[in-house]
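Labels run A, B, C and D following the written order; every chain starts at residue 1.
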């Protein structure tokens, strides 16, 4: 099956930089003599045949845009075996010989199903959570960290005008990459992540000691997967009478123009995915490992658990004195 | 009592631009041959004599800083008649013949008490809520609107990637100035403000009709004084089964560098306040009325209620089709 | 001639907020039962009949975008009488009974020519220069000031690390509105504007005195109409041996998302322009005068000269001590 | 000589993140039981004994600030052997047993001189140019790239409103790291870097072909070390009649709050430098190599030449079609 025409889709939660990856994959494929089809709304759009041709011009002016021009959607149908057979059928009717899928673990599992049925697929890790094992970084993480950091820095202004305690809830249902980076970069005093059991009494003790040593304001970053900022505020009040102000960043963290890092990462990964397909690889993802491009199997994403950096957490402890 | 030395304090919630007002008042006073004393932590600091001399150099490099270098604090003592007598005493001991107070309605009521006792005071309206009658604008409002707007614009990116409903909670316990400006400027579909009774069923009908007409995503801005974003989300779910994503901006809205508008407004008001004291005025605030500087009595702030612009609200209705 | 269908075009230099004005005019016109046609590339596109229908949906998602979706272009043909006759002809062939033109003085002169020939026109002042007499503010000015201010604030960081002199060149061929607002808001020590003759020797004296009084770094804002930053740097070196670092902001000042102020201003002006056409007005512009909407004749734009605020300039002098 | 007390200085051009490195080194040293002295204005301040004690509190609130609280300055005296002897003498009088120096190649050569005389030194690479061999990244580079990128993105708005050609001059006297990253991340069509000979005729051919293929606007990024943007504009005009608009970012690129990446990098390097001194290392720099911390000899900085990534340049070529 000669490679002449490939498809691209985005699936799951969107992340800044996805458009830069779409642009890079499209232009790189065209550069190598391939045609490119954009599949809209992820697996759902694939099942419905909701497609649009992609050209060098049609991906112009999107490199800096947040979100994804191909949109994403959930697909219950694709989760079932029949749906996957149907999807395979649709890929053939569309005359595609390869598919690039941009998203997180869920997207990669879907890609894996197609790969197992013999269809050439390459995944590109795009999620603000950075919780994809196999790659050191994912597209969108750097942008989300900076977006949250900018928000937290604004709290610092008002915090130092008063004697205050702030709680900021950031994204991260199962992982604390975002929370810990935001905490370290903002100089937050405390961070609560899903990977480490929370001890509210110990947190209250720390707050108490910090006040006694002259800290007039404190900042706590909490990943949504631990508890909501509102719940944490209630628990601090119940335990030690502290009054905390609450910010919930929510989906703001998914938006905005990608940073330079994410734009370049997405561009490299988009080109790398096309090259992998051209070289006949399948069932792999584009990855950065120790600062170099790699193409590990997609299955690493769910077979391994990517750990938080213990170094960074202990650094944070040392620097928040 | 010849004017030779004046004090400046900030009180209540801080607002971006307060530092620019402190700088302008200080340099203008020095230009006019006066000495300037900064009183830290508002009325509480006044009672404690917590002061710092302000010079042209010491207010250098603060024009763009959020928060207030003089800090603010609540003072229960000053609310009592004895506290106010004590404060007057302290002002005399500090050899001050005039006082500039930057803050909102609560600050102005405190200033009024000193004025009633014969001490020369001028208020500068600084609050992100813009809810001070007597002046068309307050310091910090333009910055807070832009800060919230930037956040909401990031939601748009991700909103258009999915079919989604977002709720953003902004500040405003008793007034909807911030909420309505953010809604209008962001192109939000709906806004809930304290001045207008909320009708959740009607809101659900509107959402339903918008979807039918092809709107794939909607944004609701709600002022905290109406209800929390979390409560609104629950009510939308109960009433019509809608799933909404929630963002609570919180004190982020108070932070950040002041916009050009707020910086210039603060500079003009700082200079105007000094001029008012020099001209022997007291019990007044600096104000902008129809784009010109004015000095109405402080009491206007609580004797009148500043209305939302009906024009802007009906404009929003028309433009969100 | 009953009003059923109107056209919108943007002409001259683009300004942030033009898209918000296009959206508001379009939606307001549709709300009032009119059809709307977008004319691309200004008068040149009008002559070529380069048009696109505008609907509520097609102007969705543009409120925050810089530039103009209708683009602009120069037209030598339209400047000649024959071109104007041709344009009139084209307007009739397009079955338009009214035209909204967004731009500066040049655009308004073109609109005036059509008005003189009996075609209903309303102008909307959109230019970052704010140099349109008849309105206190133009769309894009507030955004450009804030864009330049953010850039200048970054210079402050590095300026205070060294002992340094910086020159920033901002836009403004014939007017100093942008330069003077940026200078005032950034706390710049000096500003050179076209309205006031420059005295380089006096500037050098001021720099010298400031250094002697302990100022370790200074910032000069110069409008491009006075001289280039590079030329100013050479003259400072020749006159007094000062070494200055140069920044030329260029067209960056035209870009970026419009501020809340510009977005709301553009929305109000877009709606106001439609209302003016509906009420049978022609040959007028939408304007803000003392904070209220007005519709003065277009000709005010070139018959009067809008002065810089002397108050703001003297305030700057006082505050840069 | 037991390590009890260390000094920190910043030298050369400032870079965003230097303050985060000062904070991290100070707090880490205190955590390890050391005292910390800040030396102001680099080697010049060292010779003059211009010092300030640094404590956990005194480095609070600086993590996000651009510039350097310790300031920098040039020192002609330190370049001479006598000056270096004097500096050594001063270090002993200050009772310091170790010195951390933050800066670029020039700073490291100064550090090397002290190391050769037996004084324990560790360098931290801080420069927006990223041109220090031995480390993959330097503090400030990521921030400068993002600052320039934001500026260039604003040009895109106005570029797509007109048919236009823009030139942006970025920093980089001897290296094109900044220029090439900005070009790649912004989707610029062309980049001129000092490492590769420029061919203006070929550039004009490319511009001509792009226009013929329907590109309506183009962006050229040029490193200052190649030629000034103004000169490039003249040459494009002379060679092919192109009219280009010019932006010179200048020292804006040194300012602004550090990005999350730079803040975390600076924090890690600050801590790593203290650990290196504690472990008895000297004459080394803190470095990131393949995403891991390392401490190569300072001399690598001038003995090796750090190459531009050929991969990134060819990627840019492929993606700008």
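Convention: a contact is a pair of C-beta atoms (placed from the backbone, for glycine too) under 8 Å apart; a residue touches a chain by one contact, two chains touch by 3 or more.
Chain by chain, the UniProt names read as follows: A, B, C, D = ATP-dependent 6-phosphofructokinase.
Since the model is a prediction, treat every value here as computed from it, not as a measurement.
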{"item": "Touch-network distance, chain B to chain D, counted in steps", "value": "2"}
{"item": "Chain hops separating chain C from chain A, counting only touching neighbours", "value": "2"}
{"item": "Equivalent-chain rotation between chain D and chain C, CA atoms, steps of 5 degrees", "value": "180"}
{"item": "Intercentroid distance (Cα basis), chain B paired with chain A, Å", "value": "36"}
{"item": "Separation of mean Cα positions, chain C and chain B [Å, integer]", "value": "29"}
{"item": "Sequence positions of chain A contacting 2 or more other chains", "value": "153, 156, 160"}
{"item": "Complex contact set, residues of chain D against chain A", "value": "23-24, 27-28, 30-31, 56-57, 61, 63-64, 136, 142, 145-146, 149, 153, 156, 160, 181-182, 184-187, 214, 257, 259-261, 263-264, 267-268, 271, 290-292, 311-312, 315, 318-319, 321"}
{"item": "Chain D-facing residues of chain C, complex", "value": "10, 14, 16, 65-68, 71-73, 147, 151, 153-164, 166, 229-230, 245-252, 254-256"}
